[in-house]
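Presented sequentially are two complexes of chain A, the first with chain B as partner and the second with chain C.
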Partner chain A sequence: MKEEIDVLNYFLNPKMEVMKKQEVEKLLKEYGIEKNQLPKVLESDPVVKALKAKKGDVIKIHRKDPTGEYFYYRVVV
Partner chain B sequence: MKRRSKFQIPPGEAVGIVAAQSIGEPGTQMTMRTFHYAGVAEHVPTGLPRLIEIVDVRKEPKKPTITIRLKKEYAKKREIAEKVAYEIESIFVKDVAKIIEDVEKGIVVVRFDKIAGEQLGITKEMLLKSIKKGKRKIQEKGEDIIIAVDEDKGKKDEKGEKPKLFSKAKKVRKLFEKISNTLIKGIKGISKAVILEEEGEFIIRAKGSNIRDVIKNKYVDPSRIYTNNIKEIEAIYGIEAARNAIVKEVKDVLDMQGLTVNIRHIMLLADVMCSEGIILKVGRHGLAGRKRSVLARAAFEETIQHLTRAPVIGEEDPLIGTTENIIAGKTVPVGTGRVLLEFTPPKTKEKTERKKRK
Partner chain C sequence: MVLHYNPAEYETKKIKFSIFSPETILSMSVAEITIPDTYEEGYPIDNGLMDQRLGVIDPGLRCKTCGGTERTCPGHFGHITLVRPVIHVLFAKYIYEALARTCEHCHKVITEDVKKRPKKCPLCKKELAKIEFQKPTTFLINGKEVLPTQIREMLSEIPDEEVEKLGFSPQNAHPKWMVLTVLPVPPVNLRPSITLESGEKSEDDLTHKLVDIIRVNQKLKANIEAGAPQLIVEDLWNLLQYHVSTYFDNETANIPPARHRSGRPLKTLAQRLKGKEGRFRYNLSGKRVNFSARTVVSPDPVITINEVGVPYEVAEELTIPIPVTKWNMEELKDYIRRETYPRAVYVIRGDGRRIKVTEASREKILEELKVGWIVERQLIDGDVVLFNRQPSLHRISMMAHLVKVLPGKTFKINPVVTPPYNADFDGDEMNLHALQSEEARAEAREIMLVEKQILSPRHGHAIISPQEDIVSGVFFLTSDETVLDKKEAAKLLYKAGITKLPKPDKGKYYSGKLIFSMLLPDDLSVKFTSKLGKEVVIKNGKLIKGEVDSKGIEQYIIEKIFLMHGPSYTTKFLKNLTDVALEYLSMKGLSVSLRHYKISEEHQRKVRELLQKMDKEIENLIIKYKNKTLERAPGMTLKETLESLILQITSKTRDSMGEIVVESLGEDSPSIIMARIGARGSILNAIQMSAVVGQQVVRNKRLWRGYYGRTLVYFHPKKLTGRERGFVYYYFSKGLEPDEFYHHAMAGRESIVNTAIRTARSGYMQRRLIHAMQDLVVLEDLTVRDAGGQIIQTIYGGDGKDPMFTKGKEEYETKPKEDDVDTV
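Right after this comes the complex of A and B.
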């Protein structure tokens, strides 16, 4: 019996989504970096599994910190 | 607008060093003593020991604590909170019964303790049921439950050269241990559940941490459960949740000591620790050991190992980082010194044409 845990609604997890290819290209161009310079997230991460993201996808994280709202990005490895 | 830009961090600022100092300096003032704080079941390490625990990413904190919140519709009902607390709290046979071992007869006698049982809400039937689960031969004699060691297995042992008495004593001992640690009810690892009231809600705080089993309880809200075991959060809810848990834990430690550190420093620390997809320790086995530059690693710890290993595996040092450039005596790429490195003139048509003309 494997109960699915609702990972995405966990109170410590901000809203996350998989980015489209064009968006990723735009992002990398804006910062002038390569994909592998982004912070990483493992393919086996529960959130990645819940989002059904694949290796090489970039996940956009809508972070809400005490200092303000901003986007954070993680590449699936 | 002017004021705002005054407070913005200029590009190339050595934020990592500033963060390290900003967390490290108050760290020296922290008391080594651990405090009891009101209303909590167990006293959890605070102050420096706890901070070290967090940055070292121990697999399990010294005193794991779980905070359980109920689903919204039940959150304000004390009865349900009490019920959940009762259900999750683990009780072993040794808590409600006196266990006597008799080596000569090869038996273990379990004597139910009525007073302790009443306090913990355990009946003799529950005790019997949990002992029976182990499929042992059980005899009841008044208040006593007699369990004999398996004789069949004993005969097999006799073929070996072990003396009979020794193996029997050993078996009784083993059985004794097994029975005293048999779970009657509750969730493995959870004990000492305490109900607290927080903002009109009843929350349960308990010793031990076992998210996976606790959320199977139908009243527990799985999206608001919390534990101070960051590794467990990482495994169940992912790296992003773990990052937020680190921020929260470090902030709690510093707040408790009455120290104010700008949260940006803590956030940076947490971000760096989680940047590789797994939580890295701060130290030679984690963050510092992952640096690309040989010189930077050698400058930190285990200098000789790094320097001898580098030529063997043919490592290259592109001299990008700060430490390497200090060693090499070049301009350090921090602040205004960074401009040199950032600016690689793009190869435009004009330039190549100019070169040709020359």
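Right after this comes the complex of A and C.
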């Protein structure tokens, strides 16, 4: 039997959100990079689908692992 | 000529991989090659394989295509027109895919999987032919062999949309181009001929192969034109296919390799690129370097950890370029004037011309020497060099050292820097690199110098730390009984450069702890439990309690001193510690003899009793196993249960020997002490030398393989007792029985095989990891980026911390709290 999973609130998934345009601009300026230099995530990724993010959107990931808490960013391709 | 390098101009935007079409091959060809020969009366034959339009390799001649000389002409391709097409061996697999996945009637893609080709076309409903592929280049349709001409036709008929569906690109890699109609002839630069001493010319393997191809091609043409029977034509055609196939790859399965007249297989295109000795791994990934030296390493505890002893012969050969400034002009002139060892060998002028410093040129050079010129001077004391031992498994396999020219023909290193290189002195060789730019030297000195690597980047403990004798020396020096008279104390302290004696603390005498404390910085306070389980307390640079062992030195003293006082202080401390410890050890003396491994008669009896008890237990288990009263352990068969229980008994027995051995040899026996303080060896070594060697295992099982039901013919088959299954009852100082010796060798062989396999496997894993991560870099903002500027991590390691300084950095940055050491 298939079980429906809410990927946005699943306990194994870190919190993710689509960044606003100004936030993305600030981020790129901070790192001094172009958008294509960010790590990537496929548009077909289940979380990306759930977030309704489109190609070119940047997703902010609130990562938590044994070494610390930090943000990771992925651009939808 | 490129004057300014602007990376943006040369940025690689994209790389396209494609297959040559016959049109492309023709368009890049400068000559059709029709004559299967090279030179005639010393001159290249026109339309031959050395046609001068294909480039020049002989000095003095000019290229007939570009007019360049042998230095400037890059070489040009020619071509051979094949009378009949042939299959490209390396693409045969893909040709099969294209054929088997399409319908030969409507030319549409009908399946994703060549193995699932239907009987009938699902689109045009026509019967489909059975298509088979026989390696390397034969195709069968409905069991009948088809010729390359027909295959090429079938591939040409596939429309472009379908070609794309097959995964090919109709513009860049059309499947029909995988059947060759013209063959590119590589420029002569790729296959130069060698002139032998006799004046005879010897041609490259590729040229030989091309000669074969042209010959058969001509013969085939003549036969076709003469109207020869089909059979003969097909025979020649097959021969042409063979030569073209082996021209690409002479190691294809099912094709006999083409051979040289001498019988040696020819090295054709694939062989030039493939494998460890191929172009990629041999010439591109692994280049040889200049300004390097290699010789045996040997120990020298007198030099510091930062130095490397360099033989005179090496220092004389290696040079370092020094840019001339107004500040070093006179100094460099002195080197130019000198005729013996530390002298200048070359001078590079402002215009880049390199002049050798000789009797004749010296005066002129001295006169003209200007700021901006470069003087290449021989290696001298104090120069920074890189020093490396393979396998280079981590960054500390290559460290910067300061040169110290010493007599002898070996490199000398302080034995304390042995662990990061994993070196010993049983014949190990190491490489040395003289750095050729000011930046490289600065980087090496500031980042790679040995003293900056004292803490391991892996766990943060000291990896450059005393071992063996030094550990023994420190232990004996700090032991509670050690007292020294004034003369001895002075001698030891002098070794550390201390010329003022402290006040004696044991009446007229000095305790070893006091002498040791003199070496410690005043602000050092640590408390730890030693390997012997005793508490060691150092408070404000005074050793108050306990005996210092390897663990204390590595994980507490050196580590803490490094974090508190930095690299150069620690280097001096290590030097003083080594000198004092070794001096004390030679004053006291530490030696072993066979006597130290002989246990008393009484203890020998105890050992035998334990072994008899073990045999009894094993026998009982075997009886229980045979009458099936043994209880089966979960997840195991009855036999496995028995074996596992026996193994438990044997290891328990051997471990219990430890007490007996220590009791008999005595707590103060040198080998026991060395084992316990972590200087050398283990208690198990002592047990095996003095009491019993114990159970031998292969793949974690008792020995069983060899003859029917036994390991050696002398045993009764299927006996399960200790001796028959590899228990060694004797010990090394006594000597083993022949069967025991054999069993010991069986287990020994396993460990040798395992090491061999482990190194091979981990080496390959290492290669791949390095390949994947070689251009990653941590920037100032702690992001990790690759060479293309891609962000890999937003913060290094998720916390931005350097593992070298992770362990308790906060703890050491501030002085330890007073109550930390208050329990004294």
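Everything below uses one rule, namely that the second predicted complex is superposed on the first by the 73 of 77 C-alpha atoms of A that agree within 3 Å, B and C clash if a C-alpha of one lies under 4 Å from a C-alpha of the other, contacts with A are read in each partner's own complex, and residues count from 1 in each chain.
By our rule, a contact is a pair of C-beta atoms (placed from the backbone, for glycine too) under 8 Å apart; a residue touches a chain by one contact, two chains touch by 3 or more.
Just so it is clear, the model here is predicted, and its values are computed rather than measured.
If you stack the two complexes on chain A, which partner ends up touching A:Pro39: first (chain B), second (chain C), both, or neither?
Both chain B and chain C are touched by A:Pro39.
Touching A:Tyr31, do we find chain B (first), chain C (second), both, or neither?
second
For chain A, which side has the bigger count of touched residues, chain B or chain C?
After superposition, B is the partner touching more of chain A.
Contacts for A:Leu12 in the overlay, against chain B (first) and chain C (second): which applies, first, second, both or neither?
In the superposed model, A:Leu12 contacts chain B only, not chain C.
Could you say whether A:Phe71 touches chain B, chain C, both of them, or neither, answering first, second, both or neither?
The answer is second: A:Phe71 touches chain C but not chain B.
Need the overlap of the two footprints on chain A, from chain B and from chain C, as residue ranges.
Shared contact residues on chain A: 39, 65, 67.
Can you tell me which positions in chain B touch chain A when the two form their complex?
215-216, 222-224, 226, 233, 235-241, 244-245, 247-248, 263-264, 267, 271, 274-278
For chain A, which residues are in contact with chain C within the complex?
Result: residues 31, 33, 37-39, 63, 65, 67-68, 70-73 of chain A touch chain C.
Tell me, which parts of chain C touch chain A in their complex?
Within the complex, chain C contacts chain A at residues 781, 783, 785, 788-795, 797-799, 801.
Which residues of chain A touch chain B in their complex?
3, 5-7, 9-14, 16, 39-42, 45-48, 61, 65-67, 74, 77
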